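There are two complexes below, and they share subunit A, which is joined by subunit B in the first and by subunit C in the second.
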Partner chain A sequence: MLAAADRKLALWNIGVAYTAFLIGTLAGLLQVFIRNDRLELPAWLDYYQILTAHGVLLALIFTTFFIFAFFISGMSKSLGTFGPKVLLWNWIGFVVMLTGTVLATVMIVIGEASVLYTFYAPLMASPWYYVGLALFVVGSWIMGFALVGHYMKWKKANRGELSPLFAFMTVTTIVLWVIACLGVVATVLFQYIPWAFGWVDTINVELSRTLFWYFGHPLVYFWLLPAYMAWYTVVPKILGVPVFSDSLARLAFVLFILFSIPVGFHHQLMEPGISDFWKFLQVVLTFMVIIPSLMTAFSMFANFERAGRKNGGKGLFGWFTKLPWKDLRFTSIFIAMAFFIPGGAGGIINASFQLNEIVHNTLWIVGHFHITVGTPVAMTFMGLTYWLIPYLTGRKFSNTMKKLGFIQIGLWSVGMLLMSTAQHILGLLGAPRRTAYSGYNGHESALEWFDGILTNHVTMAVGGSILFLSAMLLLYIVIMSAFVSPKAVEPDEFVEFPLAESDKRATPKFLENWWLWIGMAFLLIIIAYAIPIAQMIQHAPPGSRGFITW
Partner chain B sequence: MHLHKYEKIWLTFGIVCLVAFLSIVGVNAFAQDHTPAGGMHTIDPEKVRETAPFNEPGVKQLDDDTYQATIIASAFAYDGGQTLQVPAGKEIIFKLTSTDVVHSFTIDNTNVNMMVVPGQVTTKSYTFKEPGKYLIICNEYCGTGHHYMYTEIEVTE
Partner chain C sequence: MTKKKQEHEENLKGTLISVFFVGFVIVAMWVAVYLMYLSQ
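Coming up: the complex of A and B.
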């Protein structure tokens, strides 16, 4: 078991994550009913206020706090107990992050920040909303650097040795996060905050959008990499096999540092101010990320096949039936991976330059990120939650809990299948995202969005309700494992942290040469961004004053 | 670093597909001129109505085969002059800007899906094949009235 102080830190992060999850999924439930005109909000509450809460609390707060809980537990397990300095800075980071979260959430709740989680200027929220977001990011940096400090101490004590795979991947993800956040920190600190406080009158809108998306795309890899960490390091242990290839796992991770950042323009393909050349260049770079993704897919299936054969699976596909399907920890993550196959394919469609015209800002996109972050990432986190909380609290995870867990992931899968399929098709028919109910004056092409069988807002609402049920069941399991379930006494009652062996004897040392990867990342960033950003600043139109249109 | 034989096949297959996809997208965009909405013209967002061509929003014939539709987006409506009416089978160049926040100009059942950013002029050229009344919506969140921001364009024979 980990040291009590480290466990406490991880548990507090999980606590905040699931509090955000509760409010966020409640908002999701309201959304699906508002969109099909079954629910009208009281005058003091607005659809876009709820949607802002949903986006911020699930996409930013739930994910980030959970990720840090996972990092903290895994770093303490693989590198040893945290020293007092590492602990202290982790707590400082946690408190700063939490303060930012509370500040931003309060601003959303009192209606001062109905600008969605992307907060596009010149919509102008209360300056405190931006301050809240800035604190959140700074807090995450402090925690991140504290974990890197723990890693450096280990490196000093083990000179010339490659770090354990879990620690390597944690540091990769933190490096990615810090470089990614430079964009959002720059725009929030130097553009939004001075403008929202009234110290300057106007804002350069196109620049702010570009800096946001410089951050916005690697943000999705910041969610995804911790899920991949579970796939690479936790799943093989559950399957009873070693990590497929230590060096390929590390190579895939550093490739994500390189190719997930200089690609933000693929969110801005439909807008002016960026020439086609730069848009297309970033489309090409976006596609490069397919390579480490294919490597990951290969490793996963290699693990499955080896494990299945070890358990006596025969023939070309016989191993598939021999996987530990009765193990909740495995099945949950397997389903998460399965959702990522259409999720990734959809991503290729979205990034395909002019093809993006068909789907940009339609419900297709909403369908897409619910089968990427909303399931592959979120359900991997659920699969971790089942054992991570009992592991940290020293409580039992009973058979009843396991059964409930299976029901929970079953409901999530069915709900998500219904909701995201409906959203994908509705999007292809043109139904917009981020839009409260509107009949569009009975126009026939809008009516089409409400009366298909799969293609209507009712299917979306049915799916959303099932999802919400699943979310509440998960919270029940979380609360039981955190506070109620009986303490483990016998050795076999303790829940373990499954972490696979990784043979690093053949792994080349340059993979852990951080300056090499950081240097290459910046080189790519400069190639992709320096000229278009310089143009945006030099040829900027007169800026925009702020608007409060809600 | 050792690559399994099957992994080499798998990655080669993947990379070949990737190159093929990108080539198709690139050729279609740049050789056949199917590029998405964009444009590099800027404008003072406070002086939209005094700046050409937005001082006269509406549809104008440029030559035998081309028309220009100049439209101003503001929360929560579009100003395209009197009524938006264009002929089928002719190239229509849409030009938009915003007087306030970011909007979109999205014509349902077409490829016209333009972000309208204050300070910038967005351009997209499109040729309607079928006559009819097309729904135009704003699909970028712009405020409380966002879902009421829509209009229609009539495409005549």
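Coming up: the complex of A and C.
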């Protein structure tokens, strides 16, 4: 078991994560019913306020706090107990992050910040919303640096040795996060805050969107890499095999640093003000990410095949039936991975320049991120939650909980399949995202969208309701494992932290040469962004004053 | 040495075919949307 102080830190992060999850999924439930006109909100609450809460609380708050809980537990396990300084700075970071979260959430709840989680200018929220976001990011940096400090201490004590895989991947993710946040910090500090407080009258919209998406795309990798960490380091242990290839795992991770940042323009393909050349360059760089993605897919299947063969699977695919399907920790993550196949494929479509015209700002996009972050990432985190909380609290995870867990992931899968399939098809037909109920003035072709068997408001509402039910079941399991389940006494009642062996004897040392990867990352960033951003500043269009549309 | 050899002879054909399957899903979905794009 980990030291009590480290466990407490991780548990607090999980606590905040699941509080956000509760409010966020409730907002999701309301959304599906508002969209089909079955629910009218009281005057003090509006659709965009709820949608802002949903995006912020689930995509930013739930993910980030859970990710830090996972990092803290895994770093303490693989590198040893935290020293007093590491603990102190982690707590400071946590408090700053929490303060920012509360501030931003209050602004959303009192109706001062219905600008959605992307907070595009010229929509203008209360300045305190932006201050809240800035504090959130700064807090996450402090926690991140505290963990890097813990890593550096280990490196000093083990000179010349490669760090354990979990620690390496944690540091990679933090490096990615810190570089990514430079964009959002720049725009929030130098553009939004002066503008929202009224120190300046106007804002350069194109620049703010560009800096946001410089951050926005690596943000999705900040969610995904911790899920990949579970896939690379936790899943093999559950399967009873060592990590497939330590070098491959590390190489894939550093490639994600390189190819996830200089690509933000693929979210701005429909925007004027950026020339085709720069868009095309970033589209090409976007496609490079397919390489580490397929490397990851290969490693995962290799884990399954080796494990299945060990258990007696014969023939080309006999191993498949020999996987530990009755193990909730495995099956949950397996489903998460399966959802990521169409999820990732959809992402390639989104980024394909012209094809973006078909899907841009439609419900397809909503379907897409619910089968990327909303299921592959979220369900991997669920699969971790089942053992991580009991591991941290020293409580038992009973068979009843296990059964409930299977029901929970089953419901989430069915609900998501219904909701996201409906959204994907509706989007292809042209139905827009980010809208409350609309009758489209009775326009025929718009109303036809919703006539299909799968593509109607009922499917989306049924899917959303099933999802919400699943979310509540998960929260029940979370509360039981955190506060109620009996404490483990016998050695075999303790829940373990499954972390696979990774043979790093053949791993080349340059993979852990951070300056090399950070240097290459900045080189690519400069190539992709320096000229277009300079042009946006030099030939700035007239700025925009703020708009409050709600 | 023999151990190393064994590792290399590990049978991962199923893995390779599975990854091709992932690639196939990517290409199929992409082509489907591309055809839609052309027809609009």
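Just so we're on the same page, the second predicted complex is superposed on the first by the 550 of 550 C-alpha atoms of A that agree within 3 Å, B and C clash if a C-alpha of one lies under 4 Å from a C-alpha of the other, contacts with A are read in each partner's own complex, and residues count from 1 in each chain.
Assume a contact is a pair of C-beta atoms (placed from the backbone, for glycine too) under 8 Å apart; a residue touches a chain by one contact, two chains touch by 3 or more.
Note that the structure is a prediction, hence the values are computed from the model and not measured.
Participant: Quick one: classify A:F298 as touching subunit B (first), subunit C (second), both or neither.
Facilitator: It touches subunit B and subunit C both.
Participant: For A:W319, using the defined touch cut-off, is the partner it touches subunit B, subunit C, both, or neither? Pick first, second, both or neither.
Facilitator: Only subunit C; A:W319 stays clear of subunit B.
Participant: For A:V283 in the superposed arrangement: first (subunit B), second (subunit C), both or neither?
Facilitator: A:V283: touches subunit B, not subunit C.
Participant: Between subunit B and subunit C, whom does A:E357 touch in the aligned arrangement: first, second, both, or neither?
Facilitator: Touch status of A:E357: both partners.
Participant: Contacts for A:S275 in the overlay, against subunit B (first) and subunit C (second): which applies, first, second, both or neither?
Facilitator: Only subunit B is touched by A:S275; subunit C is not.
Participant: Considering only the touch criterion stated at the top, classify A:R433 as touching first (subunit B), second (subunit C), both, or neither.
Facilitator: first
Participant: Examine A:I348 and indicate which partner it touches, taking first as subunit B and second as subunit C; both and neither are also allowed.
Facilitator: both
Participant: Please name the chain, subunit B or subunit C, that touches the greater number of residues in subunit A.
Facilitator: The partner that reaches more residues of subunit A in the superposed model: B.
Participant: With both complexes superposed on chain A, which partner does A:E512 reach: first (subunit B), second (subunit C), both or neither?
Facilitator: neither
Participant: Can you list the residues of subunit A that touch subunit B in one structure and subunit C in the other?
Facilitator: On subunit A, the residues that contact subunit B in one structure and subunit C in the other are 290, 294, 298, 302, 348, 352, 354-355, 357-358.
Participant: List the residues on subunit B that touch subunit A in their complex, please.
Facilitator: Per the stated touch rule, the residues are 1-4, 6-7, 10-11, 14-15, 18, 21-22, 25-26, 28-30, 34-46, 75-76, 100-102, 104, 106, 108-109, 111-115, 117-123, 133-135, 137-148, 150, 152.
Participant: Which residues, counting only subunit A, touch subunit B once they are in their complex?
Facilitator: By the definition above, subunit A touches subunit B via 46, 48, 114, 116, 120, 122-123, 204-206, 209, 245, 247-248, 251, 268-276, 279-280, 283-284, 287, 290-291, 294-295, 298, 302, 348, 352-358, 360-362, 430, 432-438, 440-441, 443, 445-446, 506-508, 539-545, 547, 549-550.
Participant: Which residues of subunit C touch subunit A in their complex?
Facilitator: Contact set of subunit C toward subunit A: 10-19, 22-23, 25-26, 29-30, 33-34, 36-37, 40.
Participant: Show me the residue ranges of subunit A that touch subunit C in the complex, using the header's touch definition.
Facilitator: It is residues 290, 294, 297-298, 301-302, 304-306, 309, 316-317, 319-320, 341-342, 344-346, 348-349, 352, 354-355, 357-359, 428 of subunit A that touch subunit C.
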